[in-house]
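Multiple structures follow.
Next, two complexes with subunit A in common: one pairs it with subunit B, the other with subunit C.
Let's turn to the complex of A and B:
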């Protein structure tokens, strides 16, 4: 793989993917960044179809899901889920696939992409655990880092830890 | 917020001859506090479920309250076997977003430290793999050599485990007198020692029986399950971020990227031994061609990143460490996501273990080289 002209090749791959999405997914809004990364914003209803399209794109398929991250936009009342995609083994294509959902705990949900990229399994569980976003169609959606009895989703901006503070150990505690 | 002890009910689909076995969280071969719930039929594994989170310290939430320079020491605590590469991942990501130009000499020093760290980390992997498979001597041998790297790091940073050597804008300080000589002596010593390890271990009939054909992972599976680093390359995918998406000064170096073909425990070991040699090669080139100049540029004390987000990744000894940073223009990140390779690799543990024997789980965990500090963050 020639790494010297990576930015230029990334730009070419980004433009090709942008054209592909413009013709196949009309609801997607795309932005090509100066470094060649393609931002794709889709409504939740078009997420799985877009993901399948990207994962099978020619000639550079976005077959490698690097990262799934939640972002809580408290002021807008939205939670964004960002999938960072790369092509493998040629890293020329880079896409961040974004989908937004309501912040309200009972409404927060997006379709799961585990059927497209199996590695989404743990990372989507992490987003569910820390943000409370439900992934519809996830085979095993449970908390992963926190205990099952934990209440709340700590990476939400309005999370307050309601556990009682640790009682300070004083000299009296050591009296016989 | 109840503090109840949770008992999970026995699954209703448990077969007549099946048994649930908890491996960990304080099992010597789980490399920290990892619990693996195994469903076994005799000695054979029919289900594997890793249970993580025992070490969760809300790393990402803490970052949201700390300023950008303050986070550097925090990153040391994620992957505590390779803090240098974690710092490198973080400073690379922030410098890219802030547009900080780092002096060339600092870039080269970062490469030297990251590669020394890779050697130290792979030595711990080698030692613990031996330990897990029942050979105690590799651990003693490996830690003897790792001590040299620890001494070098102590000389430049003052610490032996959590260095905070990389800073935003460069590195903390230049090489101390005597560092280059000691490093060259280490480079001279290591090839013989690596040969010794290989003779001791890689050609050992017991090790071959325990590792060949165990935990097979095809190239397609490796890509689909997000494998990276030596685990990906052992499956035959020719990809290394240092070469294919270079950061720091890696574009200036020529080095081998060792590949496997079967994706089993043995091939992962071969890849890591190859990487030890490649790292020695890179350090040699870096010491020879080290440019002069400053090692740290002035970065504003109150650093503010422009509004926006970016994902950047580096090659740690375990694989792709990625950082997704969202900035709202303030002095601390609005959101910082740490993509830990060990966490992603654990998901594929079930694929590697199912159908094999209980003893192979230990070999698989060791060959994935997971660090629980990074898994749980």
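Let's turn to the complex of A and C:
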């Protein structure tokens, strides 16, 4: 676990995972970045299978999901969901698993990965809350940060704040 | 204060030595110097009931144990040994029923606003609100974002605004003294009848006491 070797070891781990994916998931497009992080782009149909493969890979099991985030590509009409993965057996391995979906609110949906990493539960709720992406198979897909009555998904780039203007309340006109 | 200075001499009032004033001044509303009352009531304060209430209220302002954000850290520091709010008769109460006022110490978002309103409604009259820090006053750096209320005065009435990001405990002490000044000018305020009825109705819907 020598920290000075980390970039080199990250490259080695990235290449090993890249080879594994090339042989097992033909639809995945992989890019090994200069810092050793492996970017994996898969179609939504192959997402769960890829996730299972990575989570159980030997000897570099990517068994730690540290972050799920969303990216709104307004011009392309797409929303991307990014799963950031680490490996407890070898901290050098780092993968970002990316999947794209339609931006249209009624169509935006990807399969949930809660069956692979249970911790995805809360984080997918957050992406649903802020981007409006539906995760099929999620056990409890509700808003998590915003109130139940909130209208819209505020991290979408075309979101407009439509709250009525706030007025100052005084003792005289306060309504309990 | 307010009773004869000497004790232990039975019911007989002590003889007044020369040069001792009969009545101590509570403040400018006390019995005037030349009033005949001064001669018949030695050692007794005279004044409106309102004054007595306000004297008691402003010197024992208890506040809700309630923190929202980084400002709450300064509030805790102000309450702890170094700045010691207890000196002013103010300390944390863990129930809105026992609290006289509440620090709104931090950013208020839309989801929290309804909870703060509920806490405010649960506090007994008379009650005061002290908006602490830029966020509680105006929304601060988060004004204009999608989920932040631009100042708690858009939800409940505020009595003292304290700017700063966050304010130092010394500033908090000053705000408390301002609030004491305000409480000292309070009348015997009654809850407006309509408001009290509405609060009772809402409580009945929720199945709690108002």
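In this text, the second predicted complex is superposed on the first by the 166 of 176 C-alpha atoms of A that agree within 3 Å, B and C clash if a C-alpha of one lies under 4 Å from a C-alpha of the other, contacts with A are read in each partner's own complex, and residues count from 1 in each chain.
One rule holds in what follows: a contact is a pair of C-beta atoms (placed from the backbone, for glycine too) under 8 Å apart; a residue touches a chain by one contact, two chains touch by 3 or more.
Small disclaimer: the values here were computed from a predicted structure and weren't measured.
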Residue contacts on subunit A - larger count, subunit B or subunit C: B
Touching partner for A:115 - first (subunit B), second (subunit C), both, neither: neither
Subunit B versus subunit C as contact partner of A:82, first or second or both or neither: first
Partner chain in contact with A:71 - subunit B first, subunit C second, else both or neither: first
Touched partner set for A:91, first subunit B, second subunit C, both or neither: first
First (subunit B), second (subunit C), both or neither touched by A:168: second
Partner chain in contact with A:123 - subunit B first, subunit C second, else both or neither: first
Common interface positions of subunit A, toward subunit B and toward subunit C: 145-147, 150, 154, 163
Contacting residues of subunit A [partner subunit B, same complex]: 1, 3-4, 6, 63-67, 69-72, 82, 84, 88-91, 94, 96, 117-119, 121-123, 126, 130, 143-151, 154-155, 162-163
Contact set on subunit C toward subunit A in their complex: 110-111, 114, 121, 144, 146-147, 149-151, 153-157, 195, 198-199, 202
Subunit B to subunit A touching residues, read off their complex: 1-4, 6, 52-53, 56, 58, 60-61, 223-226, 237-239, 241, 243-246, 251, 309, 311, 313, 320, 322, 324, 326, 334-335, 337, 339, 343-344, 346-348, 376-377
List of subunit A residues in touch with subunit C within their complex: 145-147, 150, 154, 159, 161, 163, 166-171, 174-176
